[in-house]
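Shared between the two complexes below is chain A, which pairs with chain B and chain C, respectively.
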Partner chain A sequence: MHYNFFIVNKIGLLIYERKFPGCAQLDSSDLIRFGATLSALHLLSAVVTPSGLKKSGLKMISSKFFKLCCFQSPTGVKFCLVSDPNTTDMEKMCKKAYQYYSDYVLKNPFYELDQQIRFEGFDREIEKLFAIKQ
Partner chain B sequence: MKKSTIYDRNLKLRKEVSASSFYFLFSEIIQYSIRQDIHDLEKQLEELGIPLGARFLELIILREKGSKKETTIVNMLMLIKNNLWPLMFNKNNCVVEQHMDQENIYMIKEIEPNMCNQFASLPRGQCHMNCASFIAGIIEGLLTAAKFPAKVTAVFDDGEEAKAEEGEEKRTVYLIKFEDEVLVREAKSKKF
Partner chain C sequence: MVYEFYIFNNVGNCLFYLNLRGATPDKNPQDKQKLIFGMLHTMKSMCKKFSPQAVSVSPFTSYVTDSYKLHILETSSGLNFVMFTHPDMMDQTHSLKWIYSTIYCTFVIRNPFYEPKKMITSVVFKQKLEEYLLTLAR
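After this line comes the complex of A and B, so read on.
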């Protein structure tokens, strides 16, 4: 089961947030903090990577209570999915979300880069991807 | 040795264009038009389409019609359905209907959403501009060049509105309103 899905742009601003049914709603200041913390963690984890390993940044946080998967596109947009600890294939879903982002958001003439995403088409595909029931 | 030029190529050569590059180009066109004047977006797209339509007519008649032009409204609409649509979208997915009350109005309904509107969705709650006006412009240009002066507008299918809320993409209907002279000519030619 998934809890939350976020998209954070390259300067650490949250541009898309999707809450799944049965999960507590974060308030807006929490969301802003989340975006900033996530990009900071991502940068830090790249810095503390032992030499000789690939500096890919934050990819996954696992704990007893949740699992957080982060996928970064080559342009620095982060797709982050928070789920329960037993979920598998989280990275695959983030990559799929990236595909929809590049289709429904980047090819949309009414989108301004690094701004909030509020498009029906994208919402629809995300709902389909994570099988969210209205 | 003689270099091969564009004139040596086969006229029937048909190459497919990458959909992604079309989306990006079209998206840039719309952004450019918005910078010009956002309220005029549909009209600007239509004007872009009109010269394209005239070229499409020439191309279809040369390639597929054996240089014969169509003379009746029905044949002209069939040309749009059977030749223009496959040429533009590589599939024949539209239905042509006549308006129930007015005989000078015809409608082309698409069966699935076209390329122009596939990714171009406005933020929720904002007015709905239809980017398929570009296609409407192409149809208008084609008809006008074939001496069937008409006004073509692209509107979202009202009947599908309920469906759209359930998560379906919106389809477009192209309303073709022929000028009176076309109908008069058509009536005259039927007498012979």
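After this line comes the complex of A and C, so read on.
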């Protein structure tokens, strides 16, 4: 069961968000804060790596009530999925969403980089992707 | 395989630090400890926000990166037990609870010379903790 899906660009701005039934009540300022917080946490988790290990940002946050999977593309765009704790294959779904992002958003000539995503085609594909797995 | 172990109190003071990897120590461990605490504080409040019901102690338990996994247990008194391990390690909440209830309670709380909010200097505590952490193979 999925709760939320977000896309955060490389400077920490939330460019796409999707709520599914059962998610926590978050208003728009919470969501904007979430984008910035997640970017900061991703960077910090790389900085606090134990000495001698390769620095890498966080991939998954586990809690009693949810699991948050964060997939970072090579360009720094983060695809975050919040689901219930028993979900598996979250990274695969985030990678699929990245594929749809490059197909429906980046290849769209009207899309300006790092701006909000408002495309029906992309919405449709994301809906299909997360509805099937529910 | 456990890499590092920290104990923080609720205001962010690092009460204990143990490095099990034997790698070269950082030039300034206090900076890193402050960073770790700040990051965990943010992570905990973010997780509280996403919880469906109001909780007193944050439900955040762990996060994974490519090179390590961080496990945390926050007690109701505000103590944070933080463990950096290999990324494939399973959920360690039970072992952190054991460390708190058995090793910490016996060798720190019941030690009459221990001053609260100060660094833990007990050699026996360090020894027992190290012994236990080395048994956590997987």
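Simple rule for what comes next: the second predicted complex is superposed on the first by the 128 of 134 C-alpha atoms of A that agree within 3 Å, B and C clash if a C-alpha of one lies under 4 Å from a C-alpha of the other, contacts with A are read in each partner's own complex, and residues count from 1 in each chain.
Everything that follows uses one rule, which is that a residue touches a chain if its C-beta (ideal position, glycine included) is under 8 Å from a C-beta of that chain, and two chains touch if they have at least 3 such contacts.
A quick note: this is a predicted structure, and the numbers were derived from the prediction, not measured.
Peer 1: Determine, for the superposed arrangement built on chain A, whether chain B and chain C clash or fit.
Peer 2: Overlaying the two complexes on chain A (C-alpha atoms) leaves chain C and chain B fitting together cleanly.
Peer 1: Kindly classify A:L53 by the partners it touches after superposition: chain B alone (first), chain C alone (second), both, or neither?
Peer 2: Once the two structures are laid over each other on A, A:L53 reaches chain C alone.
Peer 1: May I ask you to decide whether A:E120 touches chain B, chain C, both, or neither, giving the answer as first, second, both or neither?
Peer 2: first
Peer 1: First (chain B), second (chain C), both or neither: which does A:Q99 touch?
Peer 2: neither
Peer 1: Check the contacts made with chain A and report whether chain B or chain C touches more of its residues.
Peer 2: For chain A, the partner with the higher number of touched residues is C.
Peer 1: Would you check which partner chain A:K107 touches, where first means chain B only, second means chain C only, and both and neither mean what they say?
Peer 2: first
Peer 1: Quick test of understanding: once the structures are aligned on A, what is the angle at the Cα centre of chain A formed with chain B and chain C, as a multiple of 10 degrees?
Peer 2: 160
Peer 1: Contact-wise, after the overlay, does A:T75 reach chain B, chain C, both or neither (first, second, both, neither)?
Peer 2: Neither partner.
Peer 1: How far apart, in whole Å, are the nearest Cα atoms of chain B and chain C in the superposition?
Peer 2: 29
Peer 1: Which chain A residues contact chain B in one complex and chain C in the other?
Peer 2: Shared contact residues on chain A: none.
Peer 1: Where on chain B does chain A make contact in their complex?
Peer 2: So the residues of chain B touching chain A come out as 20, 23-24, 26-31, 34, 118-124, 131, 167, 169.
Peer 1: Across the complex, what residues on chain C touch chain A?
Peer 2: 3-4, 19, 21, 23-26, 32, 35-36, 38-39, 42-43, 46-47, 49-52, 58-68, 70, 84, 91
Peer 1: Across the complex, what residues on chain A touch chain B?
Peer 2: Checking each residue of chain A against chain B gives 103-104, 107-110, 118-122, 124, 127.
Peer 1: Across the complex, what residues on chain A touch chain C?
Peer 2: Per the touch definition, chain A meets chain C at residues 3, 24, 26, 30, 34, 37-38, 40-41, 44-66, 68, 82.
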